[in-house]
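As written, the chain order gives the labels A, B, C and D, with residue 1 at the start of each chain.
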Amino acid sequence: MKFETLIQSGDWKGEKHVPVIEAPEEVASGEAFTVTVSVGKEIPHPNTTEHHIRWIKLFFKGEDEKFPFEVGTYEFNAHGEHVNGPNTGPAYSEPYAVAKIKLNKSGTLLAMSYCNIHGLWENSKEIKVK
Amino acid sequence: MKFETLIQSGDWKGEKHVPVIEAPEEVASGEAFTVTVSVGKEIPHPNTTEHHIRWIKLFFKGEDEKFPFEVGTYEFNAHGEHVNGPNTGPAYSEPYAVAKIKLNKSGTLLAMSYCNIHGLWENSKEIKVK
Amino acid sequence: MKFETLIQSGDWKGEKHVPVIEAPEEVASGEAFTVTVSVGKEIPHPNTTEHHIRWIKLFFKGEDEKFPFEVGTYEFNAHGEHVNGPNTGPAYSEPYAVAKIKLNKSGTLLAMSYCNIHGLWENSKEIKVK
Amino acid sequence: MKFETLIQSGDWKGEKHVPVIEAPEEVASGEAFTVTVSVGKEIPHPNTTEHHIRWIKLFFKGEDEKFPFEVGTYEFNAHGEHVNGPNTGPAYSEPYAVAKIKLNKSGTLLAMSYCNIHGLWENSKEIKVK
């Protein structure tokens, strides 16, 4: 079995699990810029002890590179857990992160995300470096 | 040996490893807000294949709670690694992340960070929930 | 761009990056057993500051399930980094982990691994639960 | 607030949250050996969607070193979550991992673990390298 049969995709405006990558169309080589990765931008995803987004991983594949590089992992770990019972805790982590990165060539940003009951999802976005 | 002898702290304006927590002084209960965690805000930290910040973990301890909750982990994974040799790769992850969280009681945000050669560092910031 | 174009596979006896999953052919429902995941079982992979295996993720897809579940993430974080320079440090983490899990239905274990310069690799292994 | 006020310790034979480190008393310099880290070795910890051990981190502090190195992170991610409701899923990750490492000097292994409702715990174990 391959991950390609398991990593789901779709239009994030209609499918709430698809990770959204927000980044400039074009950035300057070697200059820091921010990338926002999130799940549920259009249709909020549940955020409960029993059902939530656990993490988003961000990769970068340079246009003439053979292999992708992992840029970052962003974990969302608080979902109302508490000794008094589920969903009674004081903290909830939303599936949203802003990263700051530098690139020195054009390529593609790729995000993989994981819902604790709906599995793996992906998206990608091209980015130009000048 | 205890972690208390290993987790270092200090003034982030003078010691570049200390994680910085930027959050509102006061937030509304159950409403999402952003927290920025970073290392090197005043004095940039190196970002090379051999020396870089690997991750920041963010926790929340409610004022009347016994235990802290992990809010998130933010990993910074690209530091110029490449098959052509260190520091020749196309991507560099800066030690900076913005998280989005909801709280329903006052307490303290705590950050722990890790430099791959200078070890563990910490900081904290109180936050009021009304 | 999809992850299916990036996650590489192959025969782990000939390609050192392919993760190896070692688990019983058959286990008893709800009884703990161990799974070993590793990279480089036949042909050792380099373990240097500049080139190493960072992590292996293990998932389980039940035979009649729509979505996979993440079983665990195993990070290998020490690779000779040191203030005195790369590959002079006291600790090296080998790309090997043993996990302990319980399953209550048959399905497939899937491993994804990441080399910091050779990208993403995968493998899978069926497991019967009686 | 400091992490030293939050990271709990105790005797793992009486307190089920304390991580247990099992490693040889003495190892040969630069030769791979295994370390087992676990929670609940004597008194099993619950493993439910609402209450479970999330991760154990392992560090090494060389005896003449200023800083600890992170050896590995071991995440336990499946706890019966399912679209049909909590604790109905097919997979459960036990808080147990075996790592394989190489050391070239004596020092101390330190483990930090996290229960999703009972917070942070620690333990340590000296190890001699000859």
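The working rule: a residue touches a chain if its C-beta (ideal position, glycine included) is under 8 Å from a C-beta of that chain, and two chains touch if they have at least 3 such contacts.
Quick caveat: nothing in here was measured; it's all calculated off a predicted structure.
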{"item": "Fewest touching-chain hops separating subunit A from subunit C", "value": "1"}
{"item": "For subunit B paired with subunit D, centre-to-centre distance based on mean C-alpha positions, whole Å", "value": "21"}
{"item": "Inter-centroid spacing, subunit D versus subunit A (mean Cα positions, whole Å)", "value": "27"}
{"item": "Per-residue multi-chain contacts in subunit D, two or more chains", "value": "54, 67, 69-70, 77, 81, 83, 89, 116-118"}
{"item": "Touch-based graph of the chains, sorted into line, ring, star, complete or other", "value": "complete"}
{"item": "Residues of subunit A that touch subunit C when the two form their complex", "value": "1-4, 6-7, 9, 54, 59, 61, 66-70, 108, 110, 112, 114-120, 122, 124"}
{"item": "Contact footprint of subunit A on subunit D as seen in their complex", "value": "49-51, 54, 77, 81-83, 85-86, 89, 116-118"}
{"item": "For the subunit C and subunit D complex, residues of the former touching the latter", "value": "32, 34, 60, 62, 65-67, 69-78, 81, 83, 89-94, 96-105, 107"}
